[in-house]
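Two complexes come next, and they have one chain in common, subunit A, joined by subunit B in the first and subunit C in the second.
Here is the complex of A and B:
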């Protein structure tokens, strides 16, 4: 022991600290993935049409919206906030895409980034209100949601016009590299999202802020910018979902985003993130979103009524919450060691 | 300090009680009166009993929802299940309509029972199983919304005539019944506010650990809070059904965000331990009155949301500034 230890053992010793954290995240991510596969396989027993490769594709196409949306929500929750303005921002993206881009020139794909920028602006205002005016995130994003929704109501006079831009239709209804385009885009999105959240300095900053804002500030994290950034990203994701929804259903409605707020929070929670921030992985969140979508398609394929489906979804969220309790993890760790 | 206040309040008479009622809510009551003056200036008929009564009818469901929400927020929690409870009560009253005064009483009790049940589930999840209140009530809300959809698939059905007529009417053509229901909740709040439970509620909201160390059974207080809040949501669902006279499985959803808005507008801090039920009810009243005032100024109803949102942000920033000024002294 008096002699110098070789670097390999040192590295192994250093590793043990990370492995505890890793095990928690991998446990939750793995649980969600296993549940997904089990659900699809067990659906096959009920009806042979279910659980086929075609159905996996359907789930991925339908899951596209929720995965993109809950990535933004996940970043905001990771940084210690909550974004309630998602439904209004989805609708904003959808309505700008139809009533503005679609109505003036459906082929103008270059206007879609402008739509995303407008959505990002909503997130920027929320972020600024939260950081500089010190309005609690819950209130600020809720107020933005009410404001944007009412502005849209005024802008469209209650009935959105226009049609879906060509680029949005292409995004949702074509094939690319042998897969439906949304699936390819989804894979790219998840990879980039993972790189940002888990492998970039900004991602680490967000974990630091969510764990302890004061400590992060002292450690030299640019807290102001890093607190605002998740809201901007989340709003852009929501706008993107709005455009994609328009491409999928060929039109926008004023309530098109309403059904997505709770599932976006639910997927983050199911994916093993703490609602208080500072913990969670985006792969877990993606798993949570896919799990919720799988469940939805299976239940509707079985012809179950919508109410029962909602009850089951809520129970799954509750089940996940109880399963992911901190005490349980500590118990599991002590059992396994 | 709290003990001293407790002692004086025992000795205090009615004027003292009125003063206590408005102390925390002075700002929001003032805003309400100013808004009402604007409203009466624009629309002189605003001062009639019938128009005040209809304003009360519009306000009552949100006011009650905000009252229940305020209890949970004071204890440093969030309760999203408010939307689910109101929806379930609404569809229940529309599907199983019971006419007559006896039926109305039974309906009200049924609504309260629904609220208490959901509240008890929330209480167990948050107080005993130690789940985050926002996440736990999110789950119960989704489940409740599903149950409401199972009871009634699409908007329809009709609430018993007696409830729809009498609960939105006026006693002796002056006092709105809906106002009396809200007043009843305020009186109950005033009675329990300085009780052992009321003080513990503020204590666990301000600092749960010190509250537990000073001998408060935090689990029980938290549990009771969710149950009480649930009971008030049940009442809110009852009043909403009386007002709309029909069933809608998603009728509670719009009240979710507005209940938080009312609580925040009333000056109750979302980080717990501060604020009150009466102020939150007044917050709800201001939100509803704002709609009327904007309408009377000829602003399209499309844009009321914008004003509500901006008012909300301003209120929170303003009360935050006041608090910081107070702390700086």
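Here is the complex of A and C:
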């Protein structure tokens, strides 16, 4: 600890912190990807029909919702917060898309962005409450969730009307460049998301804020705007998922977002992010979301009791998390060196 | 506490008095209305809202509009919350509680206390085993076994099938599935290749079916509980031919059954299952008892099993089920709309707008229930009675006959 080191040797060592961080994130993303492939291949043991390209397509289409959602959740967690208002915001997007836009409204091209903007507004209110009024993110987003969900219940009288906009149906049901459209859109989304989070200044700001708010403030990061921004993006992602879900199942329901909250947080954590913020990559999160979806698909093919299936699913998630622990990487690095 | 008991006594004496004299509107003329609570466990799906809406519409239809003060309460999916809601209603001097019970056993003690204070309990769709409550339900009518037999008939006694079930651990799901298995087990040619829980929800059904389709290249038929429309969508998404299937009463499913394009792709089957109309029926029964028009001891009352095979589906042009039509077009209701919410015999006074918005039909008045409306239900241990013996012919087929032998 107090041992003095010769400045010369220190200089020779060089700064390896950057590369260590890079390799850690890369490794966790790669591990998740490898796990996915392993799962898919081993699925052939369960049923010969699994592991085919068809199944990959099913996983990607079903995983579309979770990937988009957990990207927004990932940004919020990265900045040191948590977004519990996702289910209500998904439902908001879905219900507005069916009731305002409907199947063949020629105004869909401007109404759908308006729907997304309304969802973004929900995120903006959450963000303002958290940053200016200092309400803890957990409480603020939960409150917004309850308010939005109840408003929707009142607005729809319990029965959401209307049908899915053609654009949403096209998004989920058509094929584009030989692939299902949602898969192509998903690839585009991941690329843009990666550019924003890992290659833009705003992305770097978020890492800075999540690591140390005070330091980021002193360093001149616009902390207020950058703390609110992730909630807005997250809400817009959720609204987009709502529209996509409406296209997928041809209609909105009031509980359509309920199943996605915990998986969205789990994807982020499995993908190697710290739940405390400041660390993680969106590629890892995408991998986490795909891993969870793959797992769900394979597990449901097992001809077992429901209880046992859920136990296995939970165990694999736990196993993946343990595998991605930082200590493990530290150990591996020292062993390989 | 004492005041409450006193109030309950006064109320029940008043009830007996009106019952004896047979003055239907005595209460109303006194300026005193029957206090009736509508206790939902949860809200937010089409079924629950339609069930609540028709009760609201009936309560606003003359002469009920001057006789009833209807108070709605939503307590969520937690039995504790519904227990405490019941407690408050009893203490508030309720005359009757119309309720969708979240559990068949957890509420018993509270219901017993309410009965002792003179409150009438009417359960719809779900049931309780406490025998001082009236259970109005289709559960004993044999949804599972009848639909299973219809599917077996369509498949000629052999084929690979999926089971799309409800909520794990739920007594209703178990009763339906037990009934269905009593039929499937008789046919060695029927192979259940996938069984999954779809939580009575269209979207979950669609996703779970998509997963099952990825794992099983061949499926010849699907036995589904509510959420069945998702099965059709998943098959279409996967570019698979449609198959014979059975399900509950969503407008999407019924319209698909009647659609020549879907039929050409292979869709056949029958729409049956739980109807929100049960709430309206329970409410009218409660009112007839309160106003002394009908004498009825607490018992298990069977709501007839809806049964609409593909050939009988007819799309309505008006706002109600007249001339034998039984589903509304897409311009009127979304695909998740539960069609079995109107009943021309038991609930002639309401229409589709009542189901969607809870509004009464202008000019309509409450019609009395047919004198022979009440059918006593079979005992179903753990579902509508406990302890009790199950009827030996519990899984007897009532709507369909076996056309193929094992």
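One rule holds in what follows: the second predicted complex is superposed on the first by the 295 of 337 C-alpha atoms of A that agree within 3 Å, B and C clash if a C-alpha of one lies under 4 Å from a C-alpha of the other, contacts with A are read in each partner's own complex, and residues count from 1 in each chain.
Here, a residue touches a chain if its C-beta (ideal position, glycine included) is under 8 Å from a C-beta of that chain, and two chains touch if they have at least 3 such contacts.
Only a predicted model underlies this, so the values are computations on that prediction, with no experimental measurement involved.
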Request  = Check the residue A:153 against both partner chains and state whether it touches subunit B (first), subunit C (second), both, or neither.
outcome  = both
Task = Quick one: classify A:116 as touching subunit B (first), subunit C (second), both or neither.
result = neither
Task = Pick one for A:248: touches subunit B only (first), subunit C only (second), both, or neither.
result = second
Query = Which partner does A:322 reach: the first (subunit B), the second (subunit C), both, or neither?
reply = first
Ask   = Once the shared chain is lined up, is A:266 touching subunit B (first), subunit C (second), both, or neither of them?
value = first
Inquiry  = For A:306 in the superposed arrangement: first (subunit B), second (subunit C), both or neither?
reply    = both
Query = Does the superposition put A:226 against subunit B (first), subunit C (second), both, or neither?
reply = neither
Request  = With the two complexes superposed on chain A, say which partner A:168 touches: subunit B (first), subunit C (second), both, or neither.
outcome  = neither
Message = Give me the intersection of subunit A's contacts with subunit B and its contacts with subunit C, in residue numbers.
response = 149, 153, 157-158, 306-307
Query = Which part of subunit A faces subunit B closely enough to touch in the complex?
reply = 82, 84, 129, 133-136, 138-140, 142-147, 149-151, 153-154, 157-158, 258, 262, 265-266, 269, 274-276, 305-315, 317-318, 321-322, 325, 327
Note = Interface with subunit A, subunit C side, in the complex: residues 43-46, 48-50, 52-53, 168, 194-197, 201-204, 206-208, 210-217, 230, 233, 237-238, 252, 330, 334-337, 356-358
Request  = Would you pull the subunit B residues touching subunit A in the complex into a rising list?
outcome  = 78, 125, 129-132, 134-136, 138-151, 153, 249, 253, 257, 260-261, 264, 270-271, 300, 302-306, 308-310, 312-313, 316-317, 320
Task = Report the residues of subunit A in contact with subunit C in the complex, numbered from low to high.
result = 46-47, 49-50, 54-55, 58-59, 61-62, 98, 149, 153, 157-163, 173, 245, 248-251, 253-256, 259, 296-298, 300-301, 303, 306-307
